[in-house]
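Below: a set of structures, written as structure tokens.
Both complexes below contain chain A, partnered by chain B and then by chain C.
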Partner chain A sequence: MSTVKEKKDIKGYLADLFQNNRDLIDSGSSPPLNRHREKALSLFRKLGLPSRKSENYRYAPLGDLFEKEFAHSFNVKKVSFNIHDIFKCDIPDLDTNLILLVNGKYYNSENPLREIDGGIVVGSMAKAATEMPEIFEKYYNSMAGDTGDGLVAMNTAFAQDGVFIYIPKGSVLKKPLQVVNIMIHETDLMAQHRNLIIAEENSSARVVVCDHTLSANSFLSNNVTEIFAAPRAYFSMCKIQNEHNGSAQVSHTFVKQQRESNVFTNTISLHGGFIRNNVFARLDDEGCENHTLGLYLTDKKQYIDNYVKIDHAQPGCHSNQLFKGVLDDQASGSFNGIILVRENAQKTNAYQANNNILLTDDARINSRPQLEIYADDVKCSHGSTVGQLDQNALFYMRSRGIPEREARLLLMYAFAYEVIGRIDVKPLRNRIDDLVNKRLRGELSRCNNCVMSCG
Partner chain B sequence: MKKEQDKILGKVTGSEYEFGFYTDIEQDSIGKGLNEDVIRQISARKKEPRFMLDFRLKAYRHWLTMEMPRWAKLNIPDIDYQDFIYYSAPKRKKKPKSMDEVDPELIETFNKLGIPLEEQKHLAGVAVDAVMDSVSVKTTFKETLAELGIIFCSFSEAVREHPDLVKKYMGSVVPYTDNYFAALNSAVFSDGSFCYIPKGVRCPMELSTYFRINAANTGQFERTLIVAEDSSYVSYMEGCTAPQRDENQLHAAIVEIVAMDNAHVKYATVQNWYPGDKEGKGGIYNFVTKRGICKGDNSKISWAQVETGSAITWKYPGCILKGNNSTGEFYSVAVTNNQQQADTGTKMIHIGKNTKSVIVSKGISAGRSNNSYRGLVKVLRGAENARNFSQCDSLLLGDKCGAHTFPYIETDNSTAIVEHEATTSKIGEDQIFYCNQRGISTEDAIGLIVNGYAKEVLNKLPMEFAVEAQKLLQISLEGSVG
Partner chain C sequence: MLKIKDLRVSIEDKEIIKGFNLEVNAGEVHAIMGPNGSGKSTLAAVLAGRDMFRVTGGKVLYNGEDLLEKSPEQRAKEGLFLGFQYPIEIPGVSMVNFLKTAVNELRKYRGQKQLSATDFLKMMREKKELVEIDSTLTNRSVNEGFSGGEKKKNEIFQMAMLEPKLSILDETDSGLDIDALRVVANGVNKLKSKERASIVITHYQRLLDYIIPDFVHVLYDGRIVKSGGKDLALLLEEKGYEWIKEEAET
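And then the complex of A and B:
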């Protein structure tokens, strides 16, 4: 009984938190964003935080995450640091357009919204909401608004800022955009940011997102990204989650695709105490292509949870889910993938695979690859495996003079490469390759220059 | 070509239920409704010992605190549990001593089912314990089995004559607290079969029970308990057909299997209860809890099922693999047509070392039906070298039906190897074309492909059953085809 009571309290506590800080939240954001808050709050009051009783969060020990005492990022004072200090460690050869978010707030107050090649607009969400109202109103919260997830509603109520990317018709972004999310604070902090990405017809863009923590406090971030891909748009997003193990992250990505668009998301989870990634993709017209990939390499007491739902609403679409993971020590994780093929979505091709390697007896994994199919002329398959390294392959390598440890690493590396190899930004691929290699070797790959010895 | 194929598929999937008949036998029932008095009456009429009544009442009180499960992908209408008759038995003036004394209409029913008791004795070598609406009417081959020390009788007889065994094992695999329907069954179960195979005995024949729902508005709540002692073997078959009826009937059964060291139990089911008409009117609600425990080392339990009937099926035969080196198997063909709904699958709980499980599930959906596979494979921490392979395929006949797969894989041990794979497809035009090319008509080709698709599972059924199952598949889907 007591746990039930606490849960109720936490919902009320968060709602009160919102009410009490309403002024701060509003003043740190902009009116168009503020207009969505009331409705989102009442939705949150209705839905509450997801519990283990909800099928979608069945395995996620969300339990006391929100019960900790957190400071909130409503008006965190500016932190000053040299941006180059932080990024020595990141992708050296990658020539990118950089966007920085600090504790969920856009970090470049002199130039909150800028135009880069081909009329592409990137910058602060709060600023974009007032500067580009038609676009904002058309898309903001149009997908995330009708979700049944209380955490998304909570984000809509609380989020003050985030990244806004607008790629106009026919524009091609040559250099990838790099979004860096930084969490740094003197006390424990909860932050929620909101991203909106709009790729117009025939456009093409690639985005790299990196999550980092720069102080040893515990962090909780709950962020939402909405991606809209217009006909024949190409959009790819590669996300690297590399926060310290005292941090928790819940990320929700909503994708809506129109005719013949192609969206590619890849989430590489290296460090982070609690990670939950939700991806919802709706293939809303014919000929769409969607690739949702993920790689997780976890150890210690990390928890990683990937939830993917691909909604084939129209015929002739193609989707592919591939999630692979290596779990060490007491790490635990879960994968939950759904392919939904609606009644008229004939000629659908949909694939889903989840492969896991458990390195110790204390590691655990739950996998739920699901198919929900209402059309008959479709090709859908899914597969899920949990196992160890192939003993024959190990023996083969050892018989050729490769030490066991090395042979193991080679096999794990090869296992992970299937996901890494699909990254379409070469320097990034090399970098992640390197990170994964180091990660598997147990050398601290989080940040070579990182000041913290966390974990 | 396409049109012709559609036409044939339409014909195939539009066929009506063939086993719809109703036998008029005088029934002895307790009035509608459920309360503690009804349970006391059931227990009294069955002349049960005190411990049974206590068990029933405990289960009933627990049931009252529970809620109907809603997690399955089923659209279950609200069920009024007060609207059922919970006990109904064919009225008997005295115990029949020979076939002549058995109600001729009852014999007629069995004849329609294709199980003439007398002939079967000689021809098939099958001992049939026929459960006709709750009370076991006739048990054959009892003498032969008794010589080997095998106890095969109705559950109520077992309660009277072997109370120690019943007391020891009843509820040990499926406790009354297990789920809503298990609790309901534990409170009101009418009858069922009890089977005990002593140490080292290999049961020389296939044991079978035909369950049949016959009286109007009676829920059938049977309970089966099979105990296989060390190094014993038994193959058990259960098959069902039901008369056509307009009101939905409730069926909530429990099957418990206990396998000790080196024991091997095979359990095969053919379920063909009335699925309702094309508009989804009528039909049986089938909410069944079946579970076996491989208690001893090297034991093995295998489930094989062919599910073609019932309006709603909610059924997950499972194995608890507790003994080291024990094996669990699950083979299933589930066919849904018209408005039928099925949410079926299995649970494999790996506890012991070197435990193995195999799951092969073949779903076929047609018409406007929904067919889901839902299965859990759980490997506990101590289950070293556990191995599981699951395959669940779905075949869609028609564009209005749904096929869903919900596997749950929970692995807690690094030495475990768990594999799951599934495909969803329809009968390919190239497959039909290939058959046509070789002179096989489209009609035959569909029959051939469907049977071939299910063959892997049908092969696991005992001989006598495989024939019936194949026939059922054809009736459910093929109509005039094949």
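And then the complex of A and C:
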């Protein structure tokens, strides 16, 4: 493997990396996934990495992220460790509640696919691709393949594994499923995993995703998740990003919804040096409901960038975007929220709000709401605010004996709670509430604790 | 308890308090009256520690110590309470959380142990009865969506919870109907003791039918221009502020 990168031709470098390691990539994955690689690579060659000239990444300082020297997850032997050594807490029912990805690969190799709650299949993407070929072929890359984003194409070319969740018609996942993404390596590492979630008619499921880094190296991950919600399916995903600040993550989520389905995603960004979250949701039939939420609490030199596009392709759908953030120190970020209402999508209700609090003069945020409305009978609204903590409220609290620090925390917490309060699972909401509280208090430096299982 | 000597306060280079003197001893009730814009709220805010105002001269001693040096929270812990003329709405911060934090900070300062959740709720219930505050209000965010009267009662409720040594009530009576006025007065009178004092800032004499002041001061253009007993309030009610202004200007 070459060690010196031509700075200018990072695209060429990554394409060569792929070609030179093709056998290794294939052998660590499975044939159905491998069959998508060639085409994805050509697309990647065509698109390249997003530059600041591309509208969608205008503010994101992707810069030299990809130029750094990384080991690659396809080249890494399985890291073996005892999960109980790493997570300080006791995780009950490991086999039924928890899915572990280590450096993008499904960890439990003895039991790569399992069935829970009568028919719900969860496990390794690579394994599912061969075991459930019809389902896989029908859905895999069917949304992500149309992307204009070179990073998504790169993921399709490189991704070897990830999480597969299949919730068949009418089934209900009783307990939320927890996916823990762990990055751990003795050198800097880049990993790309790929998730596929299929929620069939009338099904219902909730997933919690936690991202952690467990060694102090630099990490770069470029992940893609595709979610398909069939008629009247309910699916919710709450993602907690808590990697250390030497790590960078680009996460792409694609959602396609059919008639009267309801999809809820909530991304809570606590730690992580560079975070870019893309959410694309296509409301592809009548009566869909979509909630796309995010909360970011950042400080030091963290960069957080949320990009959301809700595509109202059919009439009578409801969407709601709510992103809130508190930025301290020299933290910076960007929010781009697009509501697209196509010509045919009459009786659309679409809302968007992005509210930010900057705690210092050096913190910065770009907030760009965009409405593209081609139908006439629609209700849309968007609002974006950037402000400071309310000085009058601070003084009021302090005049009652509440110390300034505590008063600030109460205000920040109140601000954040609007997003936390919408989490639909009470125990999870309480956990996240606690995490957010700790984050605001600066007590969460590197949290190894899973949100669901431990305290 | 409180000694204010030749206090001068400015905001944005405009002098608002122009040499103010007042001495308040434990056990006393002082009323400060005066026309709109005379500086009553500015005075109250400076005493509570609002930092948007600039003190350009004079000094304030509270229990013999320099009050102006202290942070607002320190003043509150030492027993100072300001009832705001315009109480602040704080969406998302619940009354319970707000008051529990305040009460426990105070207890910490006094070396008392923290109240348990049940003890705190019990205390809240008792004080709520005292001020006849609608019990659902305490389930809401601080002052959010409260009516004018509810906000004023909520100030008195907070005062009852915190049991301050020196309370400064800034027009807590304005905009209240007769029942609410009685509640406010009752709250102040219940706290009255030899160890405590209050400064009641008011525009009208009305409240002083219920809270009998030991002294009445008239503030005009940043200065006390007249002081007297409770009869002075009646005189002001009858004759308005015009004659005071004329007297002050000559």
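As a convention for this text, the second predicted complex is superposed on the first by the 424 of 455 C-alpha atoms of A that agree within 3 Å, B and C clash if a C-alpha of one lies under 4 Å from a C-alpha of the other, contacts with A are read in each partner's own complex, and residues count from 1 in each chain.
By our rule, contacts are C-beta pairs under 8 Å (C-beta built on N, C-alpha and C of every residue); 3 or more make two chains touch, one makes a residue touch a chain.
Only a predicted model underlies this, so the values are computations on that prediction, with no experimental measurement involved.
Undergrad: Evaluate whether chain B and chain C can sit on chain A together after superposition, giving fit or clash.
TA: Chain B/chain C on chain A - fit side by side.
Undergrad: Which partner does A:Glu418 contact after superposing on A: first (chain B), second (chain C), both, neither?
TA: A:Glu418: touches chain C, not chain B.
Undergrad: Angle at the Cα centre of chain A spanned by the Cα centres of chain C and chain B: state it in steps of 10 degrees.
TA: It is 70 degrees after superposition, to the nearest 10.
Undergrad: Which holds for A:Leu410: it touches chain B only (first), chain C only (second), both, or neither?
TA: In the superposition, A:Leu410 contacts chain C only.
Undergrad: Touch check for A:Asn392: first (chain B), second (chain C), both, or neither?
TA: Only chain C is touched by A:Asn392; chain B is not.
Undergrad: On the A-aligned overlay, A:Arg400 touches which partner chain: chain B = first, chain C = second, or both, or neither?
TA: Second partner only, chain C.
Undergrad: Per the contact definition in the header, classify A:Leu358: touching chain B only (first), chain C only (second), both, or neither.
TA: In the superposition, A:Leu358 contacts chain B only.
Undergrad: Is chain A touched at more residues by chain B or by chain C?
TA: B
Undergrad: In whole Å, how close do chain B and chain C get at the C-alpha level once superposed?
TA: 13
Undergrad: For chain A, what residues appear in both contact lists, the one with chain B and the one with chain C?
TA: On chain A, the chain B and chain C contacts do not overlap at all.
Undergrad: Under the definition above, what is the set of chain A residues touching chain C in their complex?
TA: Contacts found on chain A: 390-393, 395-404, 406, 410-411, 413-415, 417-418.
Undergrad: Where on chain A is chain B touching in the complex?
TA: It is residues 55, 343, 346, 356, 358-361, 363-388 of chain A that touch chain B.
Undergrad: Show which residues of chain C lie in contact with chain A when the two form their complex.
TA: Residues 48-50, 52, 71-73, 75-77, 81-82, 84, 87-93, 97-99, 101-102, 105-106, 109, 141-142, 158, 162 of chain C touch chain A in their complex.
Undergrad: Can you list the residues on chain B that touch chain A in the complex?
TA: By the definition above, chain B touches chain A via 71, 379, 381, 394, 396-426.
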